[in-house]
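Next come two complexes, and both contain chain A; in the first it sits with chain B, in the second with chain C.
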Partner chain A sequence: MADERFDVVVVGAGPAGAAAALTAARGGLKVALIERGEYPGAKNTFGGVLYRKQIEQLIPEFWKSAPLERTVVEQRLWLLAKESAVTVSYRDDRFNDPPNCWTGQRSKFDQWFAAQAEAAGAVPIYETAVTDAIIEDGRVVGVVTDRDDGELRANLVIIADGVNSLLGKRLRAHREWKPDQVSLAVKEVIALPREKIQDRFNLDKSEGCTIELVGETMGMAGLGFLYTNTDTLSLGVGVMVSDLKRLRVKPYEVLNGLKQHPMIQRLIEGGEVKEYAGHLIPEGGYTAMPSLSGDGWMICGDAAQMVNAVHREGTNLAVESGRLAGETAVAVHEREDFSSAGLQRYTDAVRKSIIHKDLKKYKGLHGLLSFPESEKLFGQLPQAVNDALFEFLSVDGEPKRDKQKQAFRKLEGVAGGRMDLVRMALKGWRAMNG
Partner chain B sequence: MHIVVCIKQVPDSKEIKIDPKTNTLMRQGVPAVVNYYDMHGVEEALRIKDKYGARVTVITMGPPSADKALKQCISLGADEGVLVSDRAFAGADTLATSYVLASAIYKAADTWGPVDMIFAGKQTSDGDTGQVGPGIACRIDYEQLTYVQQIEDINPDTGELIVHRHLEDGVERVKTRTPVLITVVTELNTPRRASLPGMLRAARYTPIVWTTNDFEELDRSKIGLRGSPTIVSKTWVPEPKHVSTDMLTGTGNEVAATLVENLFGTELKHSLGWA
Partner chain C sequence: MSQSIEEKLYLIRYKADDQSHLTIRNQDVCLNCTSKECNFFCPADVYEWDAEGHVTTVAYENCIECGTCRLACPASNIEWVYPKGGHGITYRFG
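So, the complex of A and B:
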């Protein structure tokens, strides 16, 4: 055992852990930040888009020094069918200044973010995995690591070890996630000359664009994405684990399918795959969130299912929860109350925050992600919308009134009838609005 | 006992790429690791420390980012890490490198006491010359034991030690006395993993930095590019030799006959009297 005692041990140096360590260290606490990767971010992956608001609260104007890829000025949504796509997009120069969000690479960003916590005084302990919690009299009083003399004692443990959260399970904050509470994502980073990226995506030097892809996931609940980095593209897809299990499909098969799509193929053509990664995404949302604190511990970020899948927001909620946990640590330190009653303050703070508000809004969504609802939404519907538009836009001598009817019939076909179409729309609306 | 270990940061050979146009190493963006052999030197020094008690000083000459390598050695149990770093040292070949390292070892002796043993790797994975260890030994006039695969015995009182040297055609058992410089091969030991207290110490440790100003009697003509007479006139990848292969087919006897005929130009069946 290390003789030294810490005020706070933070487990995991992703966005949640780094934010917690930074906040607690700034508050004058003695903080250890433990990360199993060779360095923070070494093995971490995401889409990914990083948002300004929550990080800015900790580090004003961080974008002037942080390693970011492109400033996202345009966001596109593609509804894919086999050889076609319905596209919607929004582009606005106002997204440039102040920037709203950026594309990023976790291997660089996490390292930078954790370095800010180190600079504030958090003691980095990397290449070290936490294997267990030390529990005495029902209270968490430290962690066990995979190193010799590997116990580290602290008044508080902040759990930020990501979606697979070993400690979360150990403390029974939650059980193993169910297959319909997580999706499995795979992603390729594809190198392309930056001029090519700018040409193909209609971008300026530092500008970026994101494309979310719905459809062509073999009827499974899932979303694809194609994001522009400085001189690479991130192409990936995440699919509900329950669907992958049901159809016995491997996620990379879905990704390979997407790569063949004519619209995507021409965007990635000539690129060289540089990296390949897979990762789980929490999808359970509001109803799957575990208890957030107990005697001597708090849990943040992915470990607590804090992901807004509709808006692919996860890092920002992780940072927000990390900050709230860090602030709570500072507050309870003053009163020397590390009990679950004292730490209820963190749970309350999360409840009042954007995390709870946004996840609550989409709490019905989870119901649409399971079969057979999912097959309609992610398989038949995108196809039908494409077919409907094909009908509607083909100039073939048929009167427009008939065309419109045919187009509508395609959509009704998916729902099962006109009334069912209305019902489906209503259900979707409710799911998106709490 | 005072032990100095020389370590060098090298590009991670798992991640290395060769520029197809110039045939040179592309160093940019490649993560750096401690030269593989050198970690075995660190380990051996620490084993001696654990057994007999010793002060272990780790020295590297390199850019500021090499402090990471020194912190790694601190996490394992080294006492101090010294980064010899200055723009004036850049561009050194093995002659200049061993000159500066020898100077640093003198300075380490002045600072922490006479140096009894020096460990260096057999060679590096990037420069690959194997000259730096012996170069240091010559300059400071220490006995040198190269390719050491085992330290059989050390007597900390008399300084006597017995080592096994890994030679091409066998193992040489040598007895000598400190001070010595030892270059190590990987068979010597298995490097340890840092303990948690070691990690904590390393996290807070700031390596000592010595620049040209920290050396009193440094001959400026012997350091950096100026002190490096080595000229790289050309680097290339040797052409693989093309050897043609004939597959012989047929029964065993036929194949044997053809083989002998091809090799010796004689017909097998006559000489062996086969039908």
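So, the complex of A and C:
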């Protein structure tokens, strides 16, 4: 292994790493793609949704051959209270053609995606963990792996090792994330016959829907989700690690609680749990993004906090950043400039991309996710909205004007008063509009 | 359909290394830790305070490699590295 020299070593064969390896290999570079799992995707999990746009840029019409679950034609949002839910949804057949996004399973998709990079010439080095970077004269010139004689030298190292990014930390690209910059998501994959899924969720054969769940997280900042796969459901919940610490709650108990909710219980009834999974999600957004490049290295995807929590987009931003890093790798090889000045090109490209623009838009969101605001937004408010609607829709002889007053009083109660409710709404608006 | 954490973990495929990739840096720190948050936030119940032996026990074979303990231990007392390549969890669905 030590004798072989590469142009680029990509660490991590998830969506970011595979996109980088594919792009660099197509550009004629000699690429090593390292993955610590038994196969690409073995360590990966997500909600999860895969989006067309960014993958299509690399592989046109990939959906005709890639392992995907259902085409998402309907997106629902449920505001949960203890026994009830306010539901909003949008369904449109135009999401079918061209498909906008799909539900997916990472062990299948990531393997397929990395195989495309292999087909383009990237050399797979799987079941191999990277333990350190090789730094000479202040420049990254390779990585150390846990294999015997496991040094791999290259002109460039692309860091795509996911949210924990031990290599990124090693290179001081970033310090340790703070507990309020990541959430912990736990998920179960629940098998159900496909006809049952289609009936229960009102779907056609290949159609799917996603349900985002707000509330019933014991007042912790976080979201639940219930997504339809072909013959399984993905049910999970992610909550801010700082809140888990504060409340000393077991994460899987939040999930067990959701499973008991009357709205959810009937949808998963009779299903068989096939897998339990857990993973951190970067939630720090714009302000938590580290330096993206330096002497001999670039960093992509979750490792660089590239997740848009509001729209639960992550894999697409990972693929986009991987592609940009791959393109930069090809460009700097033409000029043989692997310095931080040369690789600034990648940082600039990310800044001009949707990654930077979208994360910037929501940069204020982080403030809303901190205690005590989080407890109002994720705990008291969903319950109050449900109670307000219960009041408003109950036909019990009380005049509507009084009912409306009572309903508003419930919402004001959460904020502290009428002006506080206006202030809270304004703060929310600003957080969503950078 | 609600299961215990043992039942949940039983569904995941593991290839355990013979060496732990998780290390308590200093057990005295755990002894003096009042909150013992790791006994709660871990999604695989890896950490448990053994009140008789005065140590935090580490069931690393159950670890699902999320990394929460690495950044959530209030005293940064948990050394967290990846299991050896090809070892640890393998998701079949993900």
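In this text, the second predicted complex is superposed on the first by the 433 of 434 C-alpha atoms of A that agree within 3 Å, B and C clash if a C-alpha of one lies under 4 Å from a C-alpha of the other, contacts with A are read in each partner's own complex, and residues count from 1 in each chain.
As a working rule, a residue touches a chain if its C-beta (ideal position, glycine included) is under 8 Å from a C-beta of that chain, and two chains touch if they have at least 3 such contacts.
These numbers come from a predicted model, not from an experiment.
Of the two partner chains placed around the shared chain by superposition, chain B is the only one that A:123 touches, whereas chain C remains out of contact. In the superposition on chain A, contact is made by A:147 with both chain B and chain C.
Partner contacting the larger number of chain A residues, of chain B and chain C: C. When the two structures are aligned on the shared chain, A:4 is found in touch with chain B, with no touch to chain C.
Touch criterion not met for A:290: it reaches neither chain B nor chain C. With both structures placed on the common chain, the touch criterion links A:67 to neither chain B nor chain C. Overlaid on A, the two complexes show chain B and chain C touching the same residues of chain A, namely 128, 145, 147.
The touching residues of chain C, counted against chain A in their complex, run 1-3, 5, 8-9, 11-12, 15, 35, 37, 40-41, 43-45, 64-68, 70-72, 74, 76, 80-86, 88-94.
Against chain A, in their complex, chain B makes its touches with residues 193-197, 199-200, 203-204. By the touch criterion stated above, chain A contacts chain C in their complex at residues 36-39, 41-46, 105-108, 110, 126-129, 131, 145-147, 163-164, 166, 176-179, 182, 184, 186, 188-190, 232, 241, 244-245, 248-252, 256, 259-260, 268-269, 271, 273-280. The touching residues of chain A, counted against chain B in their complex, run 2-4, 32, 123-125, 128, 145, 147-152.
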